[in-house]
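Please see the structure below; I have some questions.
Residue numbering begins at 1 within each chain, and the chains themselves are lettered A, B, C, D, E and F in the order written.
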Amino acid sequence: MPEVVALGETMVLMNPETSGPLRYVHRFTKQIGGAESNLCIGVVRLGHTAGWISRLGDDELGRFVLHSIRGEGVDTSRVSFDPEAPTAIMFKERRELGDTKVYYYRRYSAASLMTPDDLDEEYIASAKFLHLSGITPALSVSCHETVLAAMEMARRLGVKISFDPNLRLRLWSPAEARRVLVDLMGKADIVFPGVGEAEVLLGTRDPVAIADQILSRGASLVAVKLGAEGAYIADKEGNRFRSPGFPIERVVDPVGAGDAFAAGFLVGLLRNYPLDECARLANAVGAFAVTVTGDIEGLPTNEELAAFLGEREDIDR
Amino acid sequence: MPEVVALGETMVLMNPETSGPLRYVHRFTKQIGGAESNLCIGVVRLGHTAGWISRLGDDELGRFVLHSIRGEGVDTSRVSFDPEAPTAIMFKERRELGDTKVYYYRRYSAASLMTPDDLDEEYIASAKFLHLSGITPALSVSCHETVLAAMEMARRLGVKISFDPNLRLRLWSPAEARRVLVDLMGKADIVFPGVGEAEVLLGTRDPVAIADQILSRGASLVAVKLGAEGAYIADKEGNRFRSPGFPIERVVDPVGAGDAFAAGFLVGLLRNYPLDECARLANAVGAFAVTVTGDIEGLPTNEELAAFLGEREDIDR
Amino acid sequence: MPEVVALGETMVLMNPETSGPLRYVHRFTKQIGGAESNLCIGVVRLGHTAGWISRLGDDELGRFVLHSIRGEGVDTSRVSFDPEAPTAIMFKERRELGDTKVYYYRRYSAASLMTPDDLDEEYIASAKFLHLSGITPALSVSCHETVLAAMEMARRLGVKISFDPNLRLRLWSPAEARRVLVDLMGKADIVFPGVGEAEVLLGTRDPVAIADQILSRGASLVAVKLGAEGAYIADKEGNRFRSPGFPIERVVDPVGAGDAFAAGFLVGLLRNYPLDECARLANAVGAFAVTVTGDIEGLPTNEELAAFLGEREDIDR
Amino acid sequence: MPEVVALGETMVLMNPETSGPLRYVHRFTKQIGGAESNLCIGVVRLGHTAGWISRLGDDELGRFVLHSIRGEGVDTSRVSFDPEAPTAIMFKERRELGDTKVYYYRRYSAASLMTPDDLDEEYIASAKFLHLSGITPALSVSCHETVLAAMEMARRLGVKISFDPNLRLRLWSPAEARRVLVDLMGKADIVFPGVGEAEVLLGTRDPVAIADQILSRGASLVAVKLGAEGAYIADKEGNRFRSPGFPIERVVDPVGAGDAFAAGFLVGLLRNYPLDECARLANAVGAFAVTVTGDIEGLPTNEELAAFLGEREDIDR
Amino acid sequence: MPEVVALGETMVLMNPETSGPLRYVHRFTKQIGGAESNLCIGVVRLGHTAGWISRLGDDELGRFVLHSIRGEGVDTSRVSFDPEAPTAIMFKERRELGDTKVYYYRRYSAASLMTPDDLDEEYIASAKFLHLSGITPALSVSCHETVLAAMEMARRLGVKISFDPNLRLRLWSPAEARRVLVDLMGKADIVFPGVGEAEVLLGTRDPVAIADQILSRGASLVAVKLGAEGAYIADKEGNRFRSPGFPIERVVDPVGAGDAFAAGFLVGLLRNYPLDECARLANAVGAFAVTVTGDIEGLPTNEELAAFLGEREDIDR
Amino acid sequence: MPEVVALGETMVLMNPETSGPLRYVHRFTKQIGGAESNLCIGVVRLGHTAGWISRLGDDELGRFVLHSIRGEGVDTSRVSFDPEAPTAIMFKERRELGDTKVYYYRRYSAASLMTPDDLDEEYIASAKFLHLSGITPALSVSCHETVLAAMEMARRLGVKISFDPNLRLRLWSPAEARRVLVDLMGKADIVFPGVGEAEVLLGTRDPVAIADQILSRGASLVAVKLGAEGAYIADKEGNRFRSPGFPIERVVDPVGAGDAFAAGFLVGLLRNYPLDECARLANAVGAFAVTVTGDIEGLPTNEELAAFLGEREDIDR
């Protein structure tokens, strides 16, 4: 039974072969992308166990997602296949001027049909952490219910709840998102907000104020992600500090860095590291994630992390 | 103002780089596919004018579809962009054993939101033929209404209605399809049924019986498509004959052959060819369409048709 | 009838898949490239109308050029096909050390056979601007005559003449180019010289001296392109100012930036913007063009320009 | 614990993008290939469980093999990583004239270092079938010992031994191969020889004589593979019959068909099918394998098999 | 000094990645193509020596051609580089319906500027055979003069002249071609006509009549190429026979087969094979050439030929 | 007979299409890589002659290596083919974080079987320089003997010995490498150490100390490579100076820079340049090599070097 259990949707990611407007791109490479499965893969890459709960379309693209995540060593025994609804798709568009854009084909996807019945109490009970994101409640009413039920179940079973707001304004309005996500942040034990989304959800970009608000709503630990600058950590016991980020020469694609950060942080907690070590690990794992165009390809092993964090010289070809 | 006007949805077609199950395909090429725009392109390739009415997502994929069809010389002045709904997508899967499969991402697409308001009476009035397919009424209630309104408008304006049942059982049940499509076949002037779909819709694979049924419901001309064997033609005046197909050594992809057939037939009618010449032209254009993997790449010019139908020898390299 | 009409050659651009000497490049992607059609596409992308006059080979590559430009929404009704001469080709070579090189296959191309008979007086008469470049007179004697005839026709009809010297030393000697292009600059209303070509043609790299010389020869407005530093503007009324450029983090390919600049400037004039607004628009459009490897893929829409020029933040994925 | 356990080497298969001599092929696609893992994947694809025992290099290519096989749902819990020796590689060369050739880079590979210590008695004890091939003993002395130890262990534990000679003359001489493989065929319960390899090993291409010889040496069941013609089956109880093959219109790549055949046969036995049903299933699964260029991409699911064996018509696009 | 010396143009061949009209092909692969260098490579592949005389553009594409041919082991010491004129280019278009088309960019190419001064008497004197084709005289007047001078030189030096008419109607009119090529056939020792070109040049498709005409004009040996049916051989000594071709299951691309045939024939003569053995070798080498899409990739080694002509069985994977 | 003769192994280099861990890379491009053949190509590119002595597998990959190096104009007349052992392979892995990694498949390769019998005394005698690297002695005992025999032969014949330590810790332990390479550096005339490898071999990173140690062991000239900072030169005559490197904006791949440096240096010596000119040339050639992903594609011609070292402006497109 896995140490970390996460629930959410994973899409097939159609990655354009060249940057620029998609109308001019002829070829796309098929990959996968999903905040929660990214986190699971990050945890497994570091030698721990993780399980991913989801629903996929009973189609070739769904099989592809399953094979990819199972191939990484994530437990997929609780993934079900929907006979009707399709696996979701996402097109990426990389532009030199301006941000990466995405085009979703995820309405009425298989994962959006998840219900509380998809939750296996015994499976969740055996985990140390249940990880959820703010994307899932935006997918459908039944997905929102499933997140709430999972949180309630975890709390009852004594499993710590980890939550990443992952605000997606393509999926709902700021007002709706605020209403739901602020509520969910308060129900979680550990929260991983970014400053951009905090501004929309909590009305402030100040890390201290962000942490204060979330802790005051019931969370025990907040790790505010500050991008290249690292993170600001605060907990109920009064520990508060800034953990610096690792400078990366060339950021290839920032997508997936937040998931990697959370994966590193949870692994630190699983290893009973002190908080500052958890944050250092989280920042380092996040740094790896921005060096490749896919979401998961850059997630490091322990050996790669050690080489990155330690000293290293390589004269060998 | 174009001689042929067609209304329908065109999707972005993600064409796999290799055959076999999609889960193992890494790369896809972006093309377009849509029965009605295929027909328009076929008509234009043969030197006549055609216009395509549709709605696209106001996104890069929608621009790609517009550019492609406009680039072919089809009039797209009546295509509108929907600010919310996306452009539809279709994945193809080619298997050596068994048929080509498709996976649709077209629910709630921009085109499925078409309404009778998308119809420009003046535009339709100026055409010789209005072409519709049985795919459009399957997309949504408002699409069905749009097809009915277009037929009513054409009839009122004295524009001939051309109709291809194009049965898609992924989009609706046989019973639903039967109810709607049999009605529409009766409202059309020219109908292009295939024997497979006729079996579902009319309960017979016999070309004569198919033609009888459709003529008796009100159509003036029926061209039953018989695949490699050509077509069976029947009209209200009592003309009835079989027109043989053209043998093709290697069928690369049969998709799009029906649209090509109808394009050829309508061009024959535009040129006031006798019926048997129309059928011969239709069969020849259909033969070209099966020799490439895309829907439209194989559609012939007049010169290519002449070379194919005439004699030719080429010693030059 | 289009607001801007341009005349010139567009080539098929064989773009290497990797940088480095072409002898080691295995694959090439087919695109299009032509200074005047680039400008037309830039104008259309910003919501105005443009028409492109040219001659293409009656071959597959010529059809490709036509489809591409027509697909962009440029009017191609005055493009003719030459039954004998081929469509021109250009290979690009991108090197990390040193400049991008090009290899032309354009001698005796279809476009080089253009004559004054290719000019449709009624078509040009309806435009606000006729745009010409210094490439066309270098292609052949009859092309030079065509440019002179077009200028004469525009002047007679009261259509403003826009001219970009576009010095190409692969096509003719400095002396020949100087003789012809200095003459043409004097016959134009608006001239878009770069400092490099001005040095060859006018013997100075000083923007003020460049503008002085051109104005003194009869032009009413000169916009000297200064690359990343923007532009120097001067007109007959005595307006004179420098308009700063927009810093671009990573210049992918500078080719096409001049055409984009001119497109932006003409659009500003079409909108009756004050001169400094025209220059700002021109600089912004030029900035977009350098961020992609093709000539036209980066040309911005009004929405993209607004986002670039305004403020923008995107937390959504 | 899996129903079928197999032991053997899986290589990274570098598949050329085009046919013809490799010296002219510029690009290769990375896949996997290994007789025993092919069989495991075939078994899992049909809804049963399988486990693969092997050793891989502790390198990126080894991780790729592990991810691929685990992704397919095969149990890989008994795969170990060798810190020194590399994962084996194989280049394929497809020629229109003559057979597909392979180039091995498998000497001193990680898998060639397997020893009897790699065998987990408890794991093997829980299986219904242990599958081995004649490739493994050719890899090294310790691999030969491992095969002998596995057979001895299976016999002791009452697990049926399935054996495919898989003669590879690139790996050893005919004389050596004969000495070892004839011995191993006699120690197995079920043997899957081909007629080509039987000629080298047993001196005859006659299916009846092949079966007689193998049964007389101790096996209980022999399925002689006859390629497109199907198989000849004989067992100790005196059952003897020929099972016809399924005609395939276009054989894309025959490699992997034997593994697929054996997978189908073992699944039939797991389901307690009568022998002729086992053979029919085996022939059908083998037919699927030849329709794709990779070894495993074509292996069918139960649904695909049913569609292939039953009747089917598809009018839907 | 090489045994066979050939003179002619080699082009860069842009090979489309997919079949169908070029306007829809996005990618092209760079190869080389030239009748005379094909022949040289065929000769070298079979273990003999060959030298290729030509002129290339002093550009990257010229370097590519030189590297490719020199890499094959052909002597290129007499190839010169023209500082002005470019290396010629050819686009191929493969269609399922109808023949492969080519689009040339070879007018005013470097090779078309060859003159008799490009001929090195000492170099030619040392050869057994000088091979020329009917393409070269079609390139330019000076190329025609060069061919005549080379023939005169060879005759004077006692070097046998081998000639392949290689009629290319894209390069000149039938009348012009007839006038020049009939003359050149008469000046050669060995002539390799095809029946299609013979019809244009000599007015007959009858192999016997073709041979009669050419022998009567002065040649000593004629090998009429009959495609898949082999060849008809006739010489001045009165030897006359038909040599059957080798059936090839799937002809991928017939281009280059004639050059391969001639290479095989000349190698037979170099080895002093009897005429029927020369023809058998020529037919076999020709058969190999049609199995790949490029011109030279399929040319066989002695080992491959032996395997093809002899018996072969391969059970090894 | 070539001016520079080098002996060593060249591998087929499988270059990943994308950066990141190889497990996620689907496609690889085939190139070549070998320190000594890189040097030969560098020498030839600059207009001098070079010959490469090696052994290759008698397989398609060996033919590819031969064709590539011969195509570059390097003399390959002393390359032999081993009927049994394969051509070596190397996979590259490019990571954004951390260095490029390589995975070798070169144990028991054809080149590792070289013996002193592969040395042709007459061939070496005619050269000005014999170039060897520290990779060859690491391949096998017989390769080490071959290097020693070649050095002894060159010394006897009065041919200058050039030596690049090229420490490869994947091939042997630091202790072994130190024992062998320090000995070989002492036996050479010209040595090209890098500071990283010097630290392992000589215990110091100080250029002065490195040069002192090597000169004291018998070498006449030492060029210590300092990467982007250039080189430190010292000789027995007491000349000592630092030669600055050329700043490169974007280092694409540093592999091959050392070979390019040595090629430039030897060419300088062949031209009897003063030492500081040799070093300047070496640094410039090295700068070119880092601008492409392959080892040899970036090596400059004299023209490219002149343009790089001189002044240059290019207004032409």
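Following the convention adopted for this analysis, a residue touches a chain if its C-beta (ideal position, glycine included) is under 8 Å from a C-beta of that chain, and two chains touch if they have at least 3 such contacts.
These numbers come from a predicted model, not from an experiment.
Just one of B-E, C-E or A-B has an interface built like that of D-E, with over half of its contact pairs in common by residue number: B-E.
Distance from the centre of subunit C peaks at D, each centre being the average of the chain's Cα atoms. Two chain pairs, C-E and B-D, are weighed by contacting C-beta pairs, with C-E ahead. Per the C-alpha superposition, subunit A sits rotated 180 degrees relative to subunit E, a value rounded to a multiple of 5. For the pair subunit E and subunit F, the distance between mean C-alpha positions equals 40 Å.
Mean C-alpha position of subunit D lies 44 Å from that of subunit F.
Averaged C-alpha coordinates give centres for subunit A and subunit C that are 46 Å from one another.
Distance from the subunit C centre to the subunit D centre is 62 Å, each centre being the mean of its Cα atoms. Among the residues of subunit A, those in touch with two or more other chains are 21, 26, 29, 67. If you check the complex, the residues on subunit A that touch subunit D are 66-68, 70-73.
Partner subunit B is touched in their complex by these residues of subunit A: 14, 17, 21-23, 25-30, 59-61, 63-64, 67, 86, 89, 91, 93, 103-105, 107-108. Within the complex formed with subunit F, the residues of subunit A that make contact are 29, 248-250, 252, 287-288, 291-294, 297-298, 304, 307-308, 312-317. Contact residues of subunit D toward subunit E in the complex are 18-21, 24, 26, 95-100, 102, 166-170, 194, 196-197, 199-200, 255.
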